[in-house]
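Residue numbering begins at 1 within each chain, and the chains themselves are lettered A, B and C in the order written.
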Amino acid sequence: MHDNIILSLKELTKQFGGIIAVSNINLDVEKEDIFGVIGPNGAGKTTIFNLITGIYAPTSGKIYFNGEDITKYKTHIISQKGIARTFQNIRLFNNLSSYDNILIACHDSAKYDLASGFLRTRECKKQEKELAIEAKRALNSVGLLEKENIKASSLPYGEQRKLELARAIATKPNLLLLDEPAAGMNPNETKALMEFIKKLNKDGYTIAVIEHDMKFVMNTCNRILVLSFGKKICEGNPEHVKSDKEVNEAYFGKGILVREAGL
Amino acid sequence: MNSYWLGVSTLAGIYLIATLGVSILTGFTGLFSMGHAGFMCIGAYVSALSTNFFGVPFYIGLIFGVIAAVLVGMLVGFSTLKLRGDYFVITTLALGEIVKLVVENFANVTGGAKGLPDVVAGTTFKIVLVLDIIIIILLVNFLKSKHGRNCIAIREEELAAKVIGIDVMKYKMIAMSISCALTGLSGGLLAHYMHYLHPVMFNMVKSNELIVMVILGGQGSLIGTVVSTIFLVFLPEILRVGSAQEWRMFLYGVLVVIVIIARPSGLFGNREINLKTIKNFFKNIRLKTLGGN
Amino acid sequence: MLIQQLFTGLSIGGIYALMAVGYSLIYSLLNFTNFAHSIAVTVGAYTGFLILSKYIPNLYIALVMAIIIGGIISAFIETISYRPLLNKGAKRIYLLIAGLGLSTAGENLLIIIFGGRFKAYPNINNANPINILGASIGSVDIIILIVSVITLILVEILIQKSKVGLAIRGAAFDLDVTSLMGVNVNRLILIVFIIAGSLAGLSGFFLGMKYTAYPALGQMTTKAFIGAVLGGLGSIQGAVLGAIILGIIETLISAFISSSMRDIVSFSILILVLMIRPNGIMGKITEDKA
């Protein structure tokens, strides 16, 4: 296997009862790609993310991360291996403050055990202080530091998305899976998000993003996977995908992708 | 303090340990157990039998009671917490009943439905008070630590907790063990306080009362649990006249429904009283009176 | 003797099955255990007692009244407590807690109204025991058996063949999609609660008839829950199957070993199921959507 491939899906299939959600997906994501996953609703995009993160068990097929077979791993182990994700319908810790949302995500940086926690030993206090610094830094990087004490559910929608993104980054991943991060955002917010993702990518993160906003996808991603009814119908760089006949037909009719991408 | 009120206070302090246990499980980790009085029962009978038949000192009996409760709790937890669905709830409901049945059916050992008399004494108000204080400090530390926060994350949004690397099963088991240990300890203390045990002390009503106290005080608030437990233990003593248990329990049931619909976080909901919140409270008052906004 | 016990077991199993079906319908739809189910059962028992002893000493009228009142109580509970929670998108644990509050309030209200003593149904049915296959089966058990079987068959037909049943099956699979397809989900939920409550009321009537009416009668729903787990949580046919099997095993244990072991065995069955095959006999595995 190439050293450069961070994520590899081999013949990945998921069936729910009689419904085949994804079928024989083969995919290689290279390090520092910004990889787009697009397709009509119900195409299986989120299912693939759920399979990668161990939320669903595949019916057949394999998933490799940095060369390691993670197909049967539990979700929290996969997270510890270096894959983080955000959700289509935002899953924050709603009753907790922004700060707490991030602080909890930093948990793996502190290694003190349960007993030390109960007794609040010196080591525990020291590691907690370091966690606090880490959490504040993470909040600051998305510009939410002044809102640290605000309940997550009280934040405006765009900031909730930012918070969820910051929480994912706080787990120190190598691969970020973002599920419709621009959903519900206005054009300015979307542009800022695009810049933020490009910056993350420059900092070394590999990013896979599910999105419906074609402008976003075509201008941010260097490679794109197109799904329809659970099957891969196209894969390649934006140029290649934009002009693919089958892709254009799968959406709403010919030429729509070119229009949507703002050309 | 006159000895009657001392008695009530001791009882409140004993039940507080149990409700703190249920608070960690339900209020902070979001797991719902319908039969936690069963663990009180285990702690009580194991402790009483150890001291009465094996002659161990009272605090060793308490430790045995705790260990027994934790072991059973871990068994229940291990079999059901990994399953999706209401298995944990139904099993804890059944457990509350099974424990009582076991006590009633092995009457030659436990005294059965007639009760177990002459349990060794040992629980005093001072001991209970000291234990309460120690336990509260330990729990406050726990909740301030990453381990406590991980439990809270599970309550808030279990899937997200998994996805940020929290071993949800491990922490659910931790919460279950802590709650069974505390409830078992409470049962043991009760046994050596009442000098007498009867299975009806640990029936469905008692399990329900534990949950009621936690919910009304507020999920996610230790101080809420403390206040509501003390209040709800003292209340029937204060309202001596016409305070049949049925009216009380009817009212609690209605209150729980109202609280869970209108203000799920209860009296203190998700807030604790500590130095920071007290300072903020006064700061807000000052701002308001000085015409700040 | 064995035949007799089998019939008794089937009769108990039938009662458990009536409770379990209602519980399972709600569970399939809304994915939570309705602890307030016990109220409809107990109310059914008291309704039967009241009607028979104070108003109309006719068994079938009392039975129908128990069904109706059970349904009404269940609808009332859904409307005042579960509906507001569901509309708020409340977490499942809030629904469980509400159910607990309701069952506590309900049980104690019944103690306040009727007192805690056992109320026996007046003996208005003077039919002689019938002789089947050499065993003498009491008329009470015969009635319970026949009515339970008919009712369960009716419920099955309703679910498999009617429009309402189709909506229920669709919603059990996916509540959101069903609502998108134009089904009024709130009304569907209410209908399901009415059906569950009616079945519970009927089972309560039978329990009252067979034993007595008393405030804690509803706690028998725990057996229904165990039956549903045995048969497979989420499967309505499984609930019926598990409940009947549980009833038969209980009766056999009670007759041939001892009645005090009866409940211990029932709860042990639960533990066994959890350890060996948590999905039960007919259970389905579901996975959350993310």
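Heads up, the rule we're going with is that contacts are C-beta pairs under 8 Å (C-beta built on N, C-alpha and C of every residue); 3 or more make two chains touch, one makes a residue touch a chain.
Predicted, not measured: the structure shown is a model, and the values here were computed from it.
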A-B or B-C - the one linked by more C-beta pairs in contact: B-C
Chain whose average C-alpha position is farthest from subunit B's own: A
Centre-to-centre distance between subunit C and subunit A (centres being mean Cα positions), rounded to whole Å: 45
Between subunit C and subunit B, distance of the C-alpha-averaged centres to the nearest whole Å: 31
Centroid distance [mean C-alpha coordinates] between subunit B and subunit A, Å: 40
Overlap residues in subunit B, where contacts from two or more other chains coincide: 159
Subunit A, residues touching no fewer than two other chains: 55, 87
For subunit C, residues contacting two or more additional chains: 287-288, 290
Of all residues in subunit A, those that touch subunit B in their complex: 53, 55, 74-76, 79-80, 84-85, 87, 91-96, 100, 103-105, 107-108, 110, 112, 114, 116-120, 124, 128, 131, 167-168, 170-171
Complex contacts: residues of subunit B adjacent to subunit A: 138, 141-142, 144-150, 152-153, 156-157, 159-168, 174, 220, 265, 270
Parts of subunit C lying in touch with subunit B, wherever the complex brings them together: 27, 31-33, 35, 81, 84-85, 90-91, 93-94, 96-98, 100-109, 111-112, 216, 219, 222, 225-226, 229, 233-234, 260-261, 263-264, 267, 270-271, 274-275, 278, 286-288, 290
Residues on subunit B engaged by subunit C in the complex (per definition of touch): 26, 30-32, 34, 79-80, 83-87, 89-91, 93-95, 97-98, 101-102, 104-105, 159, 204, 208, 211-212, 215, 245-247, 249-250, 252-257, 260-261, 264
